[in-house]
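Here come two complexes built around chain A, the first alongside chain B, the second alongside chain C.
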Partner chain A sequence: MDSLSINATALIAVPLVGAVLLALLPVSRALAGYLATLVSLAVAGAVAGLVYRFDIGGGEQFATDEAWVADLGIRFHVGIDGLSLAMVAMTALVMACAVGYAAWEGGARTRAYYALLLLLESALLLLFTAQDLIMFYVGFEAMLIPLYFLIGVWGGARRTQATLKFIVYTFVGTLLMLVGMIALALDQEGPITFDIDALSGSTSEWIFATFLVAFAIKSPIWPFHGWLPDAYRQSPPEVAAVLSGLASKAGAYGLLRLVLPIFPEPVAEYRDILLVLAMIGLLYGSLLAFRQPDSRGVIAYSSIGQMGLITLGIFVLNDRGASGAAFQMVNHALLSASLFLLAGWVATQTGSDLFVRLGGLARGRPILATIVLVVGVATLAVPGSSTFASEFLILLGAFEYEVWAGVLASTAIVLAAMYMLRWISALLHDRVGGAVEAGEPPDLVPSGGLLTIVPLVLAVLALSFYPFGVTDRIDADTSRLAEPAAEAAAR
Partner chain B sequence: MIETPNLQWSALAPDLVLLGGAGLLLLVAVLLGGRTQRDVAVFIGLGCFIGSAATAIAIWDFGGGDWLVASEQLRVDRFGNGMRVIVAGAGVLTLLVAYGWDRMETRAAEFVALLLLAAVGMDLLAVANSFVSLFVALELFSITLYAMCAFDLTSRFSLESSLKYLVLGSVGSAVLLYGAAFLYGATGSFRFDEIAAALGDGAADDRLALAGTAMVLAGLAFKISAVPFHQWTPDVYDGAPTPVTGFMAAATKAVAFAVLLRVLLQALPAQADQWQPALATLAILSLIFGNVVALAQTNVKRMLAYSSIGHAGYLLTAVVAGSELGSSALLFYLAVYTAMTIGSFAAVAAREREIGGPVTLDTLRGWGFERPYLAGVMALSLLSLAGFPLTGGFLAKLVVWQAAVDADYTYLAVVGVVATAISLGYYLRIGFALFDRRDGAEPTPSVRRASGYPMVLAAGALSVVVILWLGLYPTDAIDWARDAARPFALGR
Partner chain C sequence: MSTSGYVWASFAAPLVGCVLITLLADRVPRRVAGLVACAAMLVSFVLGVLAFLDLRDRPAEERVVADTIWTWLSAGDFRADVGILFDPLSAVMLLVVSGVGFLIHVYSLGYMHDDAQERRFFAYMNLFVFSMLILVLAGNLVLLLVGWGMVGLSSYLLIGFWHHRPTAVAAAKKAFVMNAVGDVGLAIGTFLIFRELGTVDYREVFAGVPVLSDRGHLDWACGLLLIGALAKSAQIPLHTWLPDAMEGPTPVSALIHAATMVTAGVYLVARMNPLYAESGAISNLIVVIGATGLVMAGLIALFQHDIKRIIAYSTMSQIAYMFMGVGLGAYWAGMYHLVTHAFFKALLFMGAGIVIHALHDQQDIRHMGGLRRFLPRTTILMWIGSLALVGIVPFSGGWSKDAILSSGLEVGGAIGWVAWVAGIVGAFLTGLYSFRLLFLVFYGESSPYAADEAPKHTDHGEGPATMLWPVYALAALATVGGLLQIPGVTHYMTDFLEPITYGTGEMVEPSVAQEYLTTAAAVAAGLLGSVLAFRLWGRRPAVIPERASTGLAVLPERRFLWDELYDAILYRPAAAASNLIRRFVERPFFEAPLDAVGPASRLVARGFGVSQTGVVRLYALVFAVGVGALLLLFMVQA
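Up next is the complex of A and B:
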């Protein structure tokens, strides 16, 4: 094999090295922003190469497997299979846009800020490529270090409480999972190992509970969402985009990658409870999204709803549900990131995020109006969009399980239409709001910030035309991951 | 003719280097003055510590890695040598932190000499193989530390802290000594291996042995500041000069744990059924109490003092496990703990010099923008203390909990998780304060330029290197810890 070829390790290392260099080199803030954007673009380019070279059906590829703490059975094992590939690709794309947006907005963002963003990207890539439990854990928790500073230092007025709540919630849930991981590894026959594929199934309910709670908090699944509204509102826009687009997917990814194959029997046993929680989250988030007074509130609560739909797809325990959930993760990542960046961009132009002060933005701003409309309509899963494809798969899976599950899940599309249409009209139409009148004048060719959203929108459009681009690559993995639990449930 | 013990000098080489340095420094104190004295003293001190660590590594395998010397009074094994390296590392960092302290401009040589002597006592404690050598070594470094605590003669708090430490420390030592006497009564020996043999074959008097074990445990619990034997810790840590506090928090705690492990596993393995539940209780109390009370502190030094009480709980968890895994976890944890503790105290020391008063959350507010590198060191040390991945603190917790789960003490790991959750409340608050761009309000002004800033920064950078090294590439360190901890396991 060509020694220069890019593998998963290189992918993780590039942003990490970039972060360290940015933290140490004395460059100006503006230059730091450009450099960080370049680094994230380089990662995106590398990922594009991997997507091209990826052998569909070839299992885990581009892997590295080295002893890390040999004594304890911990290995630095990263690799990319179809599901990881989809996650990695969405991470690289969303991060490149988020960093680009940060560089455009500038303001109080210092070199350290960009370094932390790149560190965050590195942690996410580690998480999505990890093939060893401890590596997964390291990625999962290492995310919190940059997020602690990004929200705690550069966040909005109530950043301290928001960060504290977010970090304590997630850190505690995950630490319990660490104890669960240790117990799981020690329970295995033979020499101690944390390798995900080598782990045999476990029937221990308390270990299952530690994993479930950790991922339920991160996703979040109702009723573990208490940290979310504050964290999403107080973060800088691009950090909120990463939180809702990527970090939340870490939870759902954990459910799919670890919980289903490792705990088939407990999952099967508690399936109905989990499905009910997912549906409550779906309804609760969607209804609250409809009542929010600001863009960010709408997006934050709609994220709870969408994550409810994704967990529902995971826990119906069949091929269609799992595949739809994974595809929906990609779609939601692209769309919620676009939404948060849009909300941030509108707030910088008008100085407000409240609907009462916004409205009438469509007048004289055709490009903005087009983007808002495309993103909004895709989010509400209009037929023909990629979201429609993924939600349809989840619905098929739900109906395949039980009719009541399918019927309730179908309300998701209706509810999403309600809150997204309200959002679109509150921004674009209605009477012209005070903040819009006082803000920047209409501009046919808007400033660069809006351009950073365009790649995300284009990706959504591309997936709408060709959803098989994702589903072909993930299907083998999602059905493999869902199979043990499905079999346990059938018994 | 009096028979003199046959001394294996090479086994003592790491300590002799330090002792020689201390003697030399007393000459320096007479011959040189002022800043020259400081520079020379610090240079000699650094040289001695590095030399001590190097010789400890050089004799790593001597005597088969488990060498009874000085009439079997000392056991120079890999574990002891590992502790010597940790003590030397703490010494190097402490010297760098202390460099800019104003007392160093007048009395540097004496301070460094005391520091070296304390390190000699700690080194001997780590290799003690009998209660006699244990007590002599313990008093050697304790008395030295009483003097170091009082080194800031103009400060009421410094003197108060020294007095408190003296009184309470002596009580602890006395209880320990009394317990050793009981154990002697039960077994007829002060030597750990002979005590273990006597207790193991059931020849000993059970009641005497139980009383002795309990008192030895209580005495050592004072030294490791486990709840409820912790009362001296906050006042002493707060009042003592910050470089001394850092040294105490790191090195004293490390060797106290080393000797605890040695006594329990080499002298009292037969009593495991008695001390394991007792220590598990102490661990839980320390974890919860230390971290909860730390939440209420605003003075950063007191906060770190309570945090160190909390960390005694994690370390006790590793001791309770009583396995090779637990003992290696203890050694690894102590190495990380030394770096992250001194890393955080280094930043406190620098800030203290700038504002000429106690460092509180308020006086730290916004300091991160004034001194980004030092604040970064502090933030990383705190994240490591809290156990975030990529730092050594994470792996330290991981190995400790792995040992606990492996030894069927899963509940200690779960309490540890709860304690860690509580600890976030104050570790993160310090971080918020450091990087708080309080809109409009001015940060506490620096009344004077921090002297010795580059040296403090060097100490911080060294700690960061250790924290990241142990966090990112732990393979070698874990292997060494495993190698050193091999004999420390209950035969089960």
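Up next is the complex of A and C:
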């Protein structure tokens, strides 16, 4: 039985095989959409099984560790510890909803489109379970290929511009990291290895810089965010959801999983600069989000702010900060995905994403209104929400490190309230907007598109009741990852 | 069932109600939603009473029940539980919240009768009560903060209930943002306490007071928590959201913005009394804020025209009294006034609600007058409420307010006298504005509007039984509530609340002589105000100028310009910063350069494109040259 059980490799393989089959089988677009949804649901089901079987405090589990390119010490090594479990679970859930949404909206989406989405899921799962640096790199880089086509072919009017910015910028970062990785492996004593756990204690500042820049672009950390607004605005809704919900987490995850333990000395050396950048990003994104004219603009800039908060949690280098940052990644993934899908759904119903043309949507649409409200107030981290739980940990960690950091970052909570309440009202309240009047009649029965957001909302609610369910599983790993750098900083 | 079992069940009932209403949605008639909500409240209240009785029958030192159902959040050695602390303080709050809450729910059945959105209303109301119970039953600072934020959320939802009105939406947002400022204060206070003591559990924090004090962090901790208290209780300087919150339906004003949520700040200080008792500076600050606030709010109330806003400023003023009480160290007296205020202020709001209904949603007292002919019972009810508010003994408000003021005498010194004098002045102002309202609304000639509308809406009596009976009940409570503590006669409040200091000290208790002396002075001041109100507004047809606008009267009429101040120092700078960053940073430095990436890379591509001639011979030539060069290179190296 045990040998038949799902492990990390199977998890990565399922969407990959699904992608290949979809690309080859001559099925209709609609059927392709359903099949892709089924595949992503199967992954989600498998992950649910892993969550159930996961042994808390048991370290790396469900692992595969085989030699791949033996001469170069590259191994196919994937496995799942508590942190990976959280990342994998959020990936499976968000992807299932995103693929479901794509299948619902249909339109120009072809078989290739769904195949690319599944390919993207496979890459993400590889990245979040990789225990070998090269595996991580393959996942990190493999994400770009589907994204390139998904945005470049199926994006909005300015898609070419957006894709070029995004791909060129991100690609430069990852290439730098590849160079850094090779140098890092050569730097090690003894036989060459890319095993993440074995690569620790590098003091090289330039290698550190290559990793940092790659992840800073991906997350993004201010001032590396230039590619973001266009990419988030021009992507199809579910791609934007995956981009902001999951792909951005690849950057933050890289910081936590790789940068902290591999480069403790440089991290300790430059942490204050990084904290200042994180803080700027937090306030900068939050302030800009407050005046955006459209839903996607608000979500895009709020994401910059949220990633600043996550970065802050990572670099305060203590238990609270690290655990809070990892948990906030999960929360932000669920919520920003919900937000983008909601924005997409509203745009399909009304033909507009501009606030001046929206408003009054709450009337006659109680289900939409409830979803928008729950997602909105959870995003602004109302106390009692899972986001509050994670932000509380981050801010507490920041406060424990430096009082000013905790206090300044806390003001972002007020800013978040300002921009999210504005968003909620712009959609739901006040006068009925022009696009709403012209759009579909009020539908009391929710359409499929809205239903794809429901699982995300339910997950947020569940985590709000029981955030310990996440923190209990990730705590040991986040503490372990932050410890070397914290010790270096203490010296 | 065990005591904690009663408490948990009482706690959960409103949540069950809220979820049930949401899930049933339009599968049941909308009237059912209201009944479900009321039933949930009744269950909650009855179980609350059972829990209270259990607690009351115990000896003082055993009047505390702590219970945890699960761990909510953890990281390293940080841990926050979903755990309750049920002691006399939370018991009093539980009874007020569920009891008064139940009456207001029943009243809402009548008040919201014609509103198509009734389901949503009752779901929110139950959600509010649940949130409030989290706040008062929480056993640690993190769960307190959860309750703190969730009452803010439900308050937001209910203020903005009629969300087609832009004013209601704006008021809801304002209340939320201002309370978010308070939440941040409370959160940072919690961070500080955890950093120093390594715990957020109330009783462990109380035990750690000496540590906080020795390290010089006690005043900071108390001050930070106070920010939360000031925002939630609408005290200076975080008070401007409360009058605007009157945009919500009247039962909401009665429940959230009078009886329960806005008094949470008083509860917080009383809850944290082992900290505040040791922090003289912050306690004195609380007294000063209270003294200033009660006079300021009283003055503003005198110049308002909206019946609900007048009562809202009165609420702010009364809570300021409670703040003085807990600031003086008379935690029981603050709580006592909190209880009686819940009775008489809910009574006043619900009476105002009947008036507003009778006048077809008119709230401007200039369009009222002479309503006693149409609303005789309401007139009597409002008399009772006003007498209790002004503090004319034997009505309840008198006893509880005087308990606070006489504690000022007991404490003595500058701070004690500030409290006492401000309190007496406040009593005079209260008499003035309360009876101004009463006379202008119910006496004199009816305004043309009232003469026209009132007969249309009162031909079937003053309102449905669901609206009248809860108000009767509150009127009865407002009348006899003072029995809880009459100097020299009864002392239920001081006896029951005795253990809430957790052995850290004694609460301030005035002598009987101090109490009666204060009562004499306060009643005299209140009567003086009332008589003056009668002279000014009681006998002639009410004519209020559109705008006072002369001399100093401009200030209270424009609410001492607080709104303008916040607009100028908070909202505008935030909006301006956003615009400036967008224009001078984001666009020139991030958008513009990256927009060049596209054309630049296309240029590079075109450069390479030149070589793509499609002439195979050329490719072969280049290929051959390349291979040749490589071979040459290898040979040279070898």
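Some points to look at:
The rule is short, and it goes like this: the second predicted complex is superposed on the first by the 490 of 491 C-alpha atoms of A that agree within 3 Å, B and C clash if a C-alpha of one lies under 4 Å from a C-alpha of the other, contacts with A are read in each partner's own complex, and residues count from 1 in each chain.
FYI, a contact is a pair of C-beta atoms (placed from the backbone, for glycine too) under 8 Å apart; a residue touches a chain by one contact, two chains touch by 3 or more.
Note that the structure is a prediction, hence the values are computed from the model and not measured.
With both structures placed on the common chain, the touch criterion links A:288 to chain C but leaves chain B unconnected.
Residue contacts after overlaying the shared chain place A:148 against chain B, while chain C stays out of touching range.
Of the two partner chains, chain C is the only one touched by A:429; chain B is not.
When the two structures are aligned on the shared chain, A:70 is found in touch with chain B, with no touch to chain C. Of the two partner chains placed by the overlay, chain B and chain C both lie in contact with A:164.
Of the two partner chains placed by the overlay, only chain B lies in contact with A:138; chain C stays clear of it.
Of the two partner chains, chain C is the only one touched by A:468; chain B is not.
Once chain A of one complex is fitted onto chain A of the other, the partner contacts of A:112 are limited to chain B, with no touch recorded for chain C.
When the two complexes are superposed, the chain touching more residues of chain A, out of chain B and chain C, is C.
Counting contacts as defined above, chain A residues 160, 164, 168 meet chain B in one complex and chain C in the other.
Contact residues on chain A toward chain B in their complex (touch as defined above): 67-72, 108, 112, 134, 137-139, 141-142, 144-145, 148-149, 152-153, 160, 163-164, 167-168, 171-172, 175-176, 178-179, 182-183, 186.
Considering their complex, residues 160-161, 164-165, 168-169, 223, 225-227, 229-230, 284, 287-288, 290-291, 318-320, 323-324, 360, 362-363, 366, 370, 373, 377, 382-384, 388-389, 392-393, 395-397, 399-400, 406-407, 410-411, 413-415, 417-418, 421-422, 425, 428-431, 444, 466-468, 471-472, 475, 478-479 of chain A touch chain C. Touching chain A in their complex are the following residues of chain C: 22, 25-26, 70-78, 120, 131, 134, 142, 145-150, 152-153, 156-157, 160, 163-164, 166, 169, 172-173, 176-177, 180-181, 183-184, 187-188, 190-192, 194-195, 574-575, 577-579, 581-582, 585-586, 589-591, 593-595, 597-598, 601.
The touching residues of chain B, when paired with chain A in their complex, are 328, 372, 379, 383, 387-390, 394-395, 398-399, 401-402, 405-406, 410, 413-414, 417-418, 420-421, 424-425, 428-429, 431-432, 435-437, 474-475, 478-479, 482.
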